Amino acid sequence: MSLDVEYTFDEFFRDETFVDDFTYRNSPAGIRRFPFPFDRDDYMYSVNMEPHVPGRKGSVFEKTFDVDEHYVSEMRDRARVLARDPLRCQSLPHMTLAGWDLLELIMESKAREYPQWFSLEKNGNRWRWINRPLGIDHTFTFLDETTLPYGPMEYITRQTQGDFTLQDEREGTLWVDAGMVTTQADWSLDFDIGMNFHEWHAPVPLAHEKGIFDRALKFLLKLQHGAPVRRFNWTMTVNPLLDTAPETYPEWGYMRTTLNQDNMGHMMHLRVELQALFRLPRSNAIAFSIRAYLGKFEELVTIPKWGRRLHRVVRDIHPDLAAYKGFLRNRDEMAKWLSKYDDGAPTSAGWWPED
Amino acid sequence: MSGGAKLNVRVAEVVKVNDLITRFRFVARDGGLLPAFSGGAHTVVEMDDHGTRRLNPYSLMSDPEDRSGYEISVRRDDTGRGGSLYMHRHVKPGMDMVLSHPVNLFPLDNRARKHLFIAGGIGITPFLAMAHQLARFGGRFELHYATRNPALCAYGDSLTTRYGDRVHLYYDDNGDQMPLAALLSRQPLGTHLYCCGPKGMLNWVRATASTAGWADHAVHFEEFTAPGTGAPFTVELAASKKTITVGTTQSLLEAMEAAGVDAPYLCRGGACGQCETDVVRCDGRIDHRDHWLTPEDMASNTKIMPCVSRFEGKTLVIDR
Amino acid sequence: MTKTDFPPSIRSRPVYGELAPRPGSFHLIVADGEGADAVAQLFARADDSKAMLAKSHILYTAGPNGTDLWDRIEALGAAQAQKAASIPTLLFRLARVLQDMQMGAQIYLTGTEGLIGQAERDIMALGFPHSDIQKEHRGSTVRRVQCVHCKGITENVRTDPFECSHCGLHLFVRDHYSRRLAAFQGVNIDAEDKGQIPPAVERFK
């Protein structure tokens, strides 16, 4: 059994690539809804969690799992990455139930929030799932793995934008014991799977000393079913590579050396992760959805407030953070390019483009 | 955010199980499905006891996959604070009530090669849900369940019918003694032990497992306890600029809520850590009754868990 | 040679304690090289070392630096003690011993990180909590490193950077450690600037 997928592009779902010729870009409407992560002119870590409740209409916060114009192309890119390296999706044996929890959460949310694209009919545990953009119409038995072409987590995350990890709760901490990770900012699921919360965040500089992870863990252990939370993270990526994995670093690392003032606006991308966290019902596990949005510098500076602010953040960021996020070597060139869009005028608080 | 998301339910059934225990079944008021849950989870039941708001946690005992309703069993405590008496005397089919979403502070370790359950009395309830879940998904378990006598052995018959020789029953009145030491000496490496029951049993199991050399992280206890009663005391709430008196059968958390102060909570039994509050000034002795604070925190009197802990002395000012 | 002191590092890097006797129905001890000293010290600390030895099974192999203190292990007089020719052959015996082991057994691992990590990995796989396994580092600090690119594991890495024994890429050695793989992480050092490989420094001895 395999998953038969038919990628359908139309005037909404763009046909674009995240490798080779890199045809990815945002439409003007896509730029306006970009989740610009800086609500002030400087940046330092904070726990910055807020309830994951429906946000402003049209924004990426409106739905539980945002489906945007890149959906079909992102799913095609995920299938490409998995075909090359199946280790990008793994689930330790005790995490299957959490995978079913995730499948249920995503199918119910999408069918409710995007009825034009997804539908779910239930007859007891006999479920029919229709995903129109990917041409899937599949009837299976909930909680019976033999009726799916993949494990439940892999099945549903091959149809959902963003990376996912599933955390088991034991011994007063969270263990990253399953995941679908093909759009990551340079971390390896294959290496980190099985680690606890502090271990898999160990390489992050400065934040441990500030107690960020102790506080974040304490907060997450109290996460309740029915009350998800979200936060932002961000980094920089040269070219619209969704898949910046350590595994393929020798293939994409050199791109960081090819930047100049002429290609900066087109090649450099602000990569924003919208992370949403859900307590799962049957397994008591916690699902992290880590959704990456890529915005070209030349796209972001079309919003004057964002152009000014991005310049100030890049110019003033702590060098350890720039190094960890992989742009220390390009930081000065980036700030130079961005400075053209910063007239020194004050910016308003908050991240919305027009405020 | 205190208490998180809520479930609006209706009481569907009230069944007397034996002289001490009554079972309640709740269904969604809108006729829909309730969330599935994990074995070992509890729900906090909100009661309006003739003007006194009570929020008591009870383990969910029904099949976690049965989303048509939740079941709990309540043991009547004639000398307690009144929650169980309210449930027994006043809760009737058709009544509307409010539950918290399920919260699990006593989860299974699903990596275990085998699960060994030790239950005493009403402590059987989380294991009923765990057994359902393990039976469905193929986990290996063994249950040892002690009660006073067959008449008070709630669900003993149905457990035996369902799980056969995986269930072992012991009756105090018959002089049965659970062969704990022998039991602990013949479990394969990778077995996890879970215990829920009266305090004496928890202490006995803890000590026996420790002497037998069991790995600390393979031994799990249902820790949360009813708040208990005590002498009244007065507390100053620094942030809300209020001074409140905590009554004999009231917890500090309940007294804050009665005074209109919105304080965070989850388990209301001293186990989850949600209500942890900084102590601004303490001239006296905090009676720490929780399982959350470290011994250092307790000794320094810099933190208090208002859901269970009390105070004796001159002044207590907390940051709430 | 006593317990090794490692410099402070990130949270995923393993830390080691000192073996101490704990009550148990059985004692499984796995050691290599200089770990034999820690084993001897473990029994020296026991209230009743004879009784403990009568319930002990020791698996031993020489260290990656060639240190072989089997005589010391043999002289202890444990109920069972075997010398394996290498870590992989020791792990075969360990798998068999674990099959029959029961809760109440105490587990002690000592010697180099490669041995401790691989034994821990196999014990953990049975559902036994890793945090209840006692571990003490002794002897060589060479590392077992996984190439994040080809997934190959290179044993006994001494230098940083080093050449992956599977794919040949030049890798720098991180302190990031996977208990599941029992390995540190190695990452290509010239991915951005091809061919710019700094000279190898002997960091692990």
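The chains carry the letters A, B and C, assigned in the order they are written, with residues numbered from 1 in each.
Here, contacts are C-beta pairs under 8 Å (C-beta built on N, C-alpha and C of every residue); 3 or more make two chains touch, one makes a residue touch a chain.
Since this is a predicted model, take the numbers as computed values, not measurements.
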**Message:** Applying the touch definition from the top, give me the chains sitting in contact with each of chain B and chain C.
**Reply:** A
**Fill in**
Relative to chain B, largest Cα-centroid distance belongs to chain C
**Message:** Suppose every chain is reduced to the average of its Cα atoms; which one is closest to the average of all protein Cα atoms?
**Reply:** A
**Asked** Quick one: chain B and chain C, Cα centre-to-centre, how many Å?
**Response** 41
**Complete:** For the pair chain A and chain B, the C-alpha centroid-to-centroid distance in angstrom is 37
**Asked** Listing for chain A: what residues touch at least two other chains?
**Response** 171
**Asked** Among the residues of chain B, which ones contact at least 2 other chains?
**Response** 109, 111, 217
**Fill in**
In chain C, the residues touching two or more other chains are 129, 131
**Message:** Residue numbers of chain C touching chain A in their complex, please.
**Reply:** 10-13, 129, 131, 146, 148-149, 151, 169, 174-181, 185, 187-188, 191-194
**Message:** Under the definition above, what is the set of chain A residues touching chain B in their complex?
**Reply:** 51, 92-95, 97, 101, 143, 168-171, 218, 221-222, 224-227, 281-284
**Asked** Where on chain B is chain A touching in the complex?
**Response** 1, 4-5, 35-38, 40-41, 64-65, 100-104, 107, 109-111, 133, 136-137, 217, 266, 272-274
**Request:** In the complex, go through chain A and note every residue touching chain C.
**Result:** 87, 171, 188, 190-195, 198-203, 208, 246-250, 253-254, 256-257, 329
**Asked** Taking the complex as given, what residues does chain B use to touch chain C?
**Response** 109, 111-113, 184-193, 210-218
